[in-house]
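Below are two complexes that have chain A in common, paired first with chain B and then with chain C.
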Partner chain A sequence: MSAPASAFARRIVLPALGVIIAVAVWEATVQGYRLPAIVLPTPDAVVAALVELAGTRAFWRDVGVSLYEFIAGYALGTIAGIAVGALMGESRRFRMMATPVVESLRFIVPFAWIPLTILWFGTSFTGKILLVAYAVFFVMVVSTARAIAHVEPTLSRVGTMLGMGRWRLAWQVHLRAAAPTIASAARAAAAIGWIAVVAAEYIGASAGLGLMITNAATSLATPVVIAGMIVIGVIGAGVSALIGWLSRARLDYR
Partner chain B sequence: MTPLGAATRAPADRSRATAWMLGGAGALAALAIWTVLSHVLATGGGVINRLPDPLIVARELLRYAVTDLGRDLLFSLRVFAIGWLLGAVCATLLGLALGRVQTLGDIVLPIVEAIRPVSSIAWVPLSIVWFGFGLTSKVFLVALAVFLVVIVYAVDGSRRVPADLARTATMLGMNGWQRFRSLILPGTLAEVLIGSRVSLMAGWGTVIVAELVAADFGLGAHLIAVEQSYNVPAVIATMICFGFTGYVMNAAFSRLERSLMPWRRDDVGRLE
Partner chain C sequence: MTPIRDETGHAPRDASAHTQTASHSPDVAHRGELVVDHVFHDYLAGGRRTDVLNDVSFRIPAGSVACVVGPSGCGKSTLLGLAAGLLRPSKGTLRWDGAPVKMGPTSHLGMAFQQPGLFPWMTVRQNVAIGLRTRGHSRRDAQATADRFLDTVGLADFKDAYPSQLSGGMAQRVGIARALALKPRLLLLDEPFAAVDAFTRLKLQQEFKTLLRLDRPTVLFVTHDVPEAIALGDSIVVMTQRPATVQRIIPVSRDERDRASPAYARKLAETLECLGVTSDME
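Let's look at the complex of A and B:
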């Protein structure tokens, strides 16, 4: 087999074969065991549910609500996280002061905050926005602080030699040198923030994709549950791909 | 490894003492802010309904510790341990197969990659439909969360055999099985160990969500119970239990990782 043909086989044919096998096994399991649609619907039932969902206004409202909560919280958390992380990276003293607080809060994963945000903010958007911000914040703080503290010392020395002050050095040298690391953290944070929205919506929400699939699960509409999971996955992958692309284009000079 | 490592012992000790002092000051400052906030918010605090001061939370924590904490913690940890082991073992076996048998990898890995962005959290409702409210559904979710993380490390580890070691193996005339046992397997397991630590938090977070959504016992069930009775101090106390358990697990695993793989000292998950 020639090289391009084998690359074609590896990139297109075999993955397609995998998808076909997976769908066939799925279909065969449903047919073979005569599973009711409540337990496992056939692939075409899921596709039908997806198409039906896409035709309803309520679905797009849920998508909009979840995305809004995510975007607002993500923006808040990233900006605050980079700011605090940069301070921690620049000042050894501040880093030493903040480390115990950051480390102990960091281990209280965002999901554990969900009940408290409901008690404080009810089922409003505010609680979810703050939850996403919290989730994103700690990812950004930890990696920004680490990236800035580990900037090549030569760069700082060159900057000092050129007569840069502390702030200019921080802004123009350290932050830029750390940018690629911050960019990849921003991408990881997007995935975490997105899933925090969904989890928060399971437990207390008036709209959103998380609420949609828990409602579908309680009414045993399994095709809708799986369709909802696919939507959540696609949006999650899309959001982190978009942020990855944006940050690579804007920040990553490597 | 770090520039600090080259410094002599005495300055290192002094810097550690400074770190302790400043860290203590930072923690105290945070507690002070919390206390002040709790008093400000108690008298007409706007959106935040109620924030108890640290002492009340500490009292609640103590009360919980002498009553149901042991039982709840044991329950959550059991779910976590079973799921985590199951997920890690499956991921290692499948990762080895997919990483080493290229055609198999080409067929199956795209599917794994397609499932990965659907976080285990999104599986919670489906898992309840499938397995009900008991132990099985939570174990399934945790195993899935851990699996989706570890599989990446397992595939990567099984493929990344250093070229010089591979040449040495050829030179020594190793057969396929010997190569697998002394070259591929150790490399994979080393990566799996790292993946297992990375997956700790994903797994533990999944336990929390699964128990919040549906559980009879466990820390998450307790958390949702006290939330429904509007007991804010107990909610915060339970959150602290979650955080502390996560911290201990991570610290224990980092230590294990360092002692098993001393050559990878530099990338254990810590702030500095």
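Let's look at the complex of A and C:
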């Protein structure tokens, strides 16, 4: 195989093949077990449902709501997480104070908070935004603190030698040196945050993709349920790819 | 602040003929002078205390170059870290401009590290310019100065390269340019030419001497290359094995730097003998 042909195979043919195999397994399962559409619809029924959904305003509103909750919570959690993580990386005293709180809270999964957020904030956006922020925050705190603690010590010495004070060193050297690690944590956090939004909407919401899916399930519109799930997956992958692309574009040095 | 510990019970040893204990107040008479006064340093690792420096004393007069030579691992780099205020002595004092060396950022200092420690996210030019920017120079001024010193170390063609694209020797030269570009009053160099090939090294030594003549900084130069120490130093501080102390301070005169002269050969033999290498190999 020539070099361009093999590049084409890697970038287009192989991923497409993976999707085709997955869809084929799905189709074969429906046919093989003679499943009724209400249990598992065929791929083409789901595609039809997707096309129909895309033509409605309500669908785009649900997508918009979920994305809004996600973006607001993600921004909040990322900024707060990097700030607290950086402080933990820089200050021994702060680290000793924050560690027990962070270490015990971070194992309480976001979903465990859903009953409380509904109690406190009802089905409003605020509860979801805070839930996403919470989920994202702990991923960011832990990786940022660790990344800063692992910055090459020579770089700190060089910064001090050049005349940088503590804050300048933290901002211009430590945070910048830790940036690639922080960016990959941000990518992982996006996936977790997106999952948290949808999960929260499943349980209590006035709009959003999670609510759309639970409503469809109650009315036994299984193709819509699966179509909604696919939309969630595609948006999640898209967000993750976007953050990966942004961090590569901004942080890559050969 | 450098804590000055009580030295009661410690009889001052006269390791250096130059050492003198002066008052701690900054003083015009001591401007540009680096004094290492009965300095001890140790570190704890895994619960075990390791002594690195054991009563080191010497003095570098303003504008002169002291080359430190000694067995590897004898604490030469530690000495530089102490002089830079990056490390604290466990006992004793270092004085610059007549005042104890303070920990933290400074404005008088330029240092080239053994591991160059370039910022990988910056181009070579930015790496050299960042110190000047930090010290308040304008962007244009910093870049022009950076370019000039990169020319000096022979890296004019690599200004826009990133550190990962450089060889070890090239990265070290960027580190030297970065230190020199600061126009420091105190220049600390940790085997700056170690990773540079022999021919480039000789050229850099020449350039370096020319530069020193311009600004006359006080220089503490760590090297394991005795001919280099003779070529560049006004004096050579010979250290012992770890825990290190000063074994001898050898002054170098002008005619002893001429590599073709018998005086040079005698100085080389003398210094090497001090390090335990005898000149006559049978």
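FYI, the second predicted complex is superposed on the first by the 225 of 254 C-alpha atoms of A that agree within 3 Å, B and C clash if a C-alpha of one lies under 4 Å from a C-alpha of the other, contacts with A are read in each partner's own complex, and residues count from 1 in each chain.
Heads up, the rule we're going with is that a contact is a pair of C-beta atoms (placed from the backbone, for glycine too) under 8 Å apart; a residue touches a chain by one contact, two chains touch by 3 or more.
Please read these numbers as outputs of a predicted model, since none were measured by experiment.
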First (chain B), second (chain C), both or neither touched by A:220 | first
Just chain B (first), just chain C (second), both, or neither: which does A:249 touch?
-> neither
In the superposed arrangement, does A:100 touch chain B (first), chain C (second), both or neither?
-> first
With the two complexes superposed on chain A, say which partner A:195 touches: chain B (first), chain C (second), both, or neither.
-> first
Would you mind checking which one, chain B or chain C, touches more residues on chain A?
-> B
Touch check for A:230: first (chain B), second (chain C), both, or neither?
-> first
Chain B contacts chain A in the complex at 3, 18-19, 22-27, 29-30, 47-50, 103, 106-111, 114-115, 117-119, 121-126, 128-130, 201, 204-205, 208-209, 212-213, 223-224, 226-227, 230, 232, 235-236, 238-240, 242-244, 246-247, 250, 271-272
Per the touch rule above, chain A residues touching chain C in the complex are 152, 154-155, 157-158, 160-165, 168, 172-173, 176-177, 179, 251, 253-254
What does chain A use to touch chain B in their complex?
-> 9-10, 14-15, 17-19, 21-22, 38-39, 93, 95-105, 107-116, 118-121, 126, 142, 145-146, 149, 153, 191, 195, 198-199, 202-203, 213-214, 216-217, 220, 222, 225-226, 228-230, 232-234, 236-237, 240
In their shared complex, at which residues does chain C touch chain A?
-> 81, 84-86, 104-107, 109-111, 113, 115, 117-121, 130-131, 134-135, 162, 164-165, 178, 182
